[in-house]
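Right, I'll just put the structure down here and ask away after.
Per-chain numbering from 1; labels A, B, C and D assigned in written order.
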Amino acid sequence: MTITMAMLDAYPADSVFEKQLLTRSIQTCVECAQACTACADADIREEMISDLVKCATLNLDCADMCEATGRVLTRQTGFDADMVRAVVQACVQACRVCGDECDRHAQMHEHCRVCAEACRRCQHTCEDLIAALT
Amino acid sequence: MTITMAMLDAYPADSVFEKQLLTRSIQTCVECAQACTACADADIREEMISDLVKCATLNLDCADMCEATGRVLTRQTGFDADMVRAVVQACVQACRVCGDECDRHAQMHEHCRVCAEACRRCQHTCEDLIAALT
Amino acid sequence: MTITMAMLDAYPADSVFEKQLLTRSIQTCVECAQACTACADADIREEMISDLVKCATLNLDCADMCEATGRVLTRQTGFDADMVRAVVQACVQACRVCGDECDRHAQMHEHCRVCAEACRRCQHTCEDLIAALT
Amino acid sequence: MTITMAMLDAYPADSVFEKQLLTRSIQTCVECAQACTACADADIREEMISDLVKCATLNLDCADMCEATGRVLTRQTGFDADMVRAVVQACVQACRVCGDECDRHAQMHEHCRVCAEACRRCQHTCEDLIAALT
């Protein structure tokens, strides 16, 4: 069992979301934030950085949005459905845009390929979470 | 002139947003994030913390969302209108929900009164920004 | 292979640190940040919150410090040994202080027990990283 | 009076630090974080990005460290002197290294000049804060 799941199990009240889905959502957000931070760093280090300017900055935006979403989803106390939905929707948009851009460089740069996959996984888990909210 | 404005002026290309509005938006996000972090901390220290549980956690969510939004708005490179709109809308929601909750405690706790004002200011500036995007 | 390791492998230059150790450090930072965010949230929700005030706020500090450290360690470009050492040392301190406080509540609260373990793991990996720097 | 100072005044207990110094420290951290985020973004957009690779990534590190420090300093509850000292020292290092690098490009790029000043100011305020702790 992961630490994320163990912490959810130890929470002293019920969670709004089903625990498996919530655990998966938090973990893909955290994972995607780290991948995007790494991809931005690798982009900047590439010799062809001029082709990767948009990719690097979308990665930085996506990292910030995934990190904020991972924190908001981690908090079960004071849950507000409208706020959580808006935050997760913004995360979906950030992952979609960043994933699309990384995809364009996936054949040339392995870091973009791995990062695009992390973005897709995060986007789809967040979409599942929004569906579960309605 | 503030540093935020000086940095926007020094950016080596045009910005999508009008500079006064963008400067104000970034600054209210950053200011609101700091106020919310302080309000959560004060809530937890109050003797009547049991009345402020929801307030403290919404403050933490709002701080994270304002900080992420302030960073996304700071980046002019790789601008994506759909993503920025979704991020700023999530910030509006976080500020609205957190501002409402802080308002409930504003007469009792000065930190909630000051924080509610910071949330309102950030919410309204973000709403102006969304209006400017469409 | 984890995404963190895959991203390090795809980085277009050498890393200063040995990859297994660096991967483990980044992952324990990210994991500890999430556990601390969850523990603060659970603390605030406990009926005996008044006993957990210090724990909740140290958790918030430790989450912020672990997140910043995870990001700094993720970046291989522009590596500065003195800065990285100071950042990782601050992370060690945050994990030590937070882990000690969580330990005091570990028998009473399962979330504190799990979080204390995450703090210890992060502290020790960061200590290994500092040793590798010198 | 700034919001930061108003929130400190409304805190329901004494602060460890003198309020003027603490307010200034929090504000320079927050200000420096925003300037560094903007400078990284401007660096990436410059045609001579290849000269600014190190600058951009040190800016990102410094932004993360200043943001974490600003949050830790904002929290008065559960104050731990050893942890705060280590965090603020890491912030001093990040600002020193980033300020030095920005200085190298200050004559060529106005954003580096403004950012170097923000780094110096943050470094010096943090040094004053460490001196006040001992």
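Criterion: a residue touches a chain if its C-beta (ideal position, glycine included) is under 8 Å from a C-beta of that chain, and two chains touch if they have at least 3 such contacts.
Note that the coordinates shown come from a computational prediction; the quantities given were computed from them, not determined experimentally.
Using CA-based centroids throughout, the chain positioned farthest away from chain B is C.
Interface comparison, A-C versus B-C: the higher number of contacting C-beta pairs is recorded for A-C.
Our note on geometry: chain B versus chain C, Cα centroid distance of 27 Å, whole angstroms. Each chain gets one centre point, the mean of its Cα atoms, and the points for chain A and chain C are 19 Å apart.
Residues of chain B found to touch two or more other chains are 41, 44-45, 53, 56-57, 60, 67, 71, 75, 77. Across the complex, chain D is touched by residues 53-58, 60-61, 64-65, 67-68, 71-72, 75, 77-78, 80, 82-83, 86-87, 89-90, 92-94, 97, 101 of chain C. Chain A makes touch with chain C in their complex at residues 3-4, 6-13, 26, 30-31, 34-35, 37-39, 41-42, 44-47, 63, 67, 70-71, 74-77, 109-111, 113-115, 118.
Interface of chain D with chain A (complex): residues 40-41, 44-45, 49-50, 53, 56-57, 60.
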